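Listed below are the structures to be examined.
In the two complexes that follow, chain A is the common piece, with chain B as its partner first and chain C second.
Coming up: the complex of A and B.
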């Protein structure tokens, strides 16, 4: 059943560019980008239970390191992994420094980091262009070919993230992270090196986001600090994961897809009030759907099993 | 026989409060030793210091020939010290068997989750929880949670097991079952240190009793020796009672 679903998705993605217009392709690329963000947050937030608001930091860091490498002549396809690598190294250092904080304290610490990075990028004008932003080398390809190039590249990154997530979910690392989420003291006591586990989760939550950031920079050709370090980039993945179901592999992807549809609809219909509608959505989610959409599905299945 | 655990002049203070004051004792392999003392005597602190939750401020702790007072909790538990918590600490959203498998996987070095679960079932059978293997840990009764805690510790394949009030809150029938379990542990080659309030428990299963009072070790001996020790009587029943007892004896 799960295999079938995966095959369907792959076929859909391969066939879509044949008939889809550029708007549909852009939307689907965005959908896959969102999936990468939500799956990444799920490593630290869903599995380990640490409410990280660091996604924007990793995204912005990836975007700027990718963009700066490209400006200095590094080929585009190499610049993306550079973005991932920089974000991952940063996450490792940051994780060792702040992962001993729990709950709100951790959330606030990660929230602040994005702001600090934004300020640094803003004032380091020589390297980053500061508030003026940074222009990337233009690809010499026609618009349709470009859209498809980014579409398929994003698909590869999304697939890599899904593979990493399902690998972690089934293995020792995922199991240990779930233990940490539920009771960190007990986890320590049964022999889990919690520092290493949490840092690994944090690095995993950064590496693909960093790649995605660098990808985004090449995709839109121009980045500025306010755009790639935006706090919404940290909030949205959390909403997507909660919307889907945290601590699973399908949940965050489902959440990303549904969220993008909601966002497009809200954007179109509530142009002046979209942030407010988004907020209401989050409140409704927490109140009425604590287990996410997948939780709803599981509830149905279990009821069905019990009633038989 | 070489001691399995050695404490030498171990002290730990919290601010101005001396929770452990120069505590020294040995545990020999396959002993069941009771650690008793009034509330606030430092019993749980001692467990926390041995398991690496707190570092001792002074003194040395040697386990199985290896100093452990500078190690972190996770490496101490991998060496073979397991503990149960006074307030049970399950992984509430996991099933019972997953809880126990966690111990086998991370401390005992089971090679994957599947083999860890197989081991877990054995331990659940041993403590009599196998019929609840698939249910969620948060759904268990207190007595079952305490047994789960025990199974989890056993799955860690410990050489030394520290039981912090595993019997608190249980009814007499449950206590008797739990005592049988504890006695059978020695057959598995496990040394047991029981921290306990219930005198019935320590008197009936322990070959030796250590008494803490205000962080100091005031007595160490067989149950009957400790029961007669004037220091212990004083600590538990007050100095006037102790003086009267001495008067009666004379």
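Coming up: the complex of A and C.
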């Protein structure tokens, strides 16, 4: 059943460019990009239960390292892994430094790191162009071909992230992270090396985001610090995971798709009040749908079994 | 002489920061909630002062009381009606919830007042005094003094009043306080209201110094974070020390690195402190 569903989704995504226009393709690319972000956040936030707001840091770092290497002549497809690598190295160092913090302190530390990075990028004008932003080399392809190129590249990255997530979820690492979420001291006691596990989860939550950032830079052709280090880049994946269902593999993807669909509706209809409507959605979600959409589904299945 | 001037500037800023952070710190300490709304509360306070001065002619130092009442009601209702439903949930839930509320409130402010910067321009400013080369604008000095008085008032309420003792009791041990007959949910709502009062009061007094705009919310919130981590969590003296420390850091940092990097400096310091000394400068978590 689950396999069939997965196959259907893959086939749908593959045949979509045959009939979809560029708007649909752009929106779907965006959905896949945010699926990558929310699945990545899920490693540290969903499995290990650490409220990380570092997604924007990783995204921005990836975007800038990808963009800078492309400006210096690195081919586009190589620049994306460079973005992922830089983000992963940064996450490893940062993780070792701040993963001993818990709860709010961890959340604040990660929030503030993104702000500091943004300021550094903003003032390092020689390398990054500072507040003027950075222009990337333009691809010599026609618009339709470009849209499809980015669409399929993003699809590959999304599939890689899904595979990584389901691998972690089923293996020892995922089990250990869930233990850490429930009780870190107890997890430590039964022989889980919590430092290694948490740092691994943090690095995993960075590497794909870094690639996605570099991809984004090539996709939109121009980046500036306020755009790629924006705090909403950290918050939206969290909301998507909560919307889907945290600690699962399908949840974050479902959440990303539904959230972007809703956001698009809100954008269309409430141009000057979209942040407010978004806030309302978040409040409603936290109050009335604490287990996410998947929780709803499971609850229904459970009741159905009971009534038989 | 320059150094003395900078110390004075730092102290004046610091008094205001203490007031900004004390309410934030109270909510964080007692409810274990990071109130992302705090920045917007400050801005609402500033708008109350602005409209009270321009339409009713009430001086911002007096309209503090109006701002306090408005924000207490607002804060109380938000906590009692919304946040109390999930107050015991994990960090992430409450953080996301207050973030959602912040988006809603801030967007409403933007829609109502636009993003223009406004300022309370006093008709009779108090002027400037020159103490042997150190120049102190009296309005700023008065703002600082008033902010410190308000912070002291919060300290007094927490220590001397019945409700204050109940708040401290809930912070120490929620279950035990409940067993002693403290209505915990109501205390939560009052605490959140008090936090909003401090924010609104700070916003109101500082409307004579700083421009007002809904877009300042992140700025104030960032400062509150830094002060809480600097001074340690959940105690009024901690917020006071943290506020004065941040004021000093910003004015000296502004001198050395340029004022545009003052906030980055504070944030970098915050990260270093979190890594090496997560309990703040004082080093213990206060219970009042």
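One rule holds in what follows: the second predicted complex is superposed on the first by the 308 of 308 C-alpha atoms of A that agree within 3 Å, B and C clash if a C-alpha of one lies under 4 Å from a C-alpha of the other, contacts with A are read in each partner's own complex, and residues count from 1 in each chain.
Everything below uses one rule, namely that a contact is a pair of C-beta atoms (placed from the backbone, for glycine too) under 8 Å apart; a residue touches a chain by one contact, two chains touch by 3 or more.
In this text, all values refer to a predicted model and were calculated from it rather than measured experimentally.
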>> Under the stated touch criterion, which partner chain does A:143 make contact with: chain B (first), chain C (second), both, or neither?
In response: neither
> So, does A:104 touch the first partner chain B, the second partner chain C, both, or neither?
Replying inline: second
> Now for A:49: first (chain B), second (chain C), both, or neither, which partner does it touch?
Replying inline: second
>> Applying the document's definition of touch, where does A:280 land relative to chain B and chain C: first, second, both, or neither?
In response: second
> Okay, in this complex, where on chain B does chain A touch?
Replying inline: 51, 53, 72-75, 77-78, 82-83, 85, 89-94, 98, 102-103, 105-107, 112-113, 152, 156
>> Taking the touch rule as given, give the residues of chain A at its contact with chain B in the complex, in rising order.
In response: 170-172, 175-176, 178-179, 182-183, 185-194
> Can you list the chain A residues touching chain C in their complex?
Replying inline: 45, 49, 51, 97-98, 101, 103-105, 107-109, 111-113, 115-116, 119-120, 123, 231, 235, 238-239, 242, 272-276, 278-283, 285-287, 290
> Which residues of chain C touch chain A in their complex?
Replying inline: 28, 32, 34, 82, 85-86, 89-93, 95-97, 99-108, 111, 218, 222, 225, 229, 261, 263-264, 267-268, 270-271, 274-275, 278
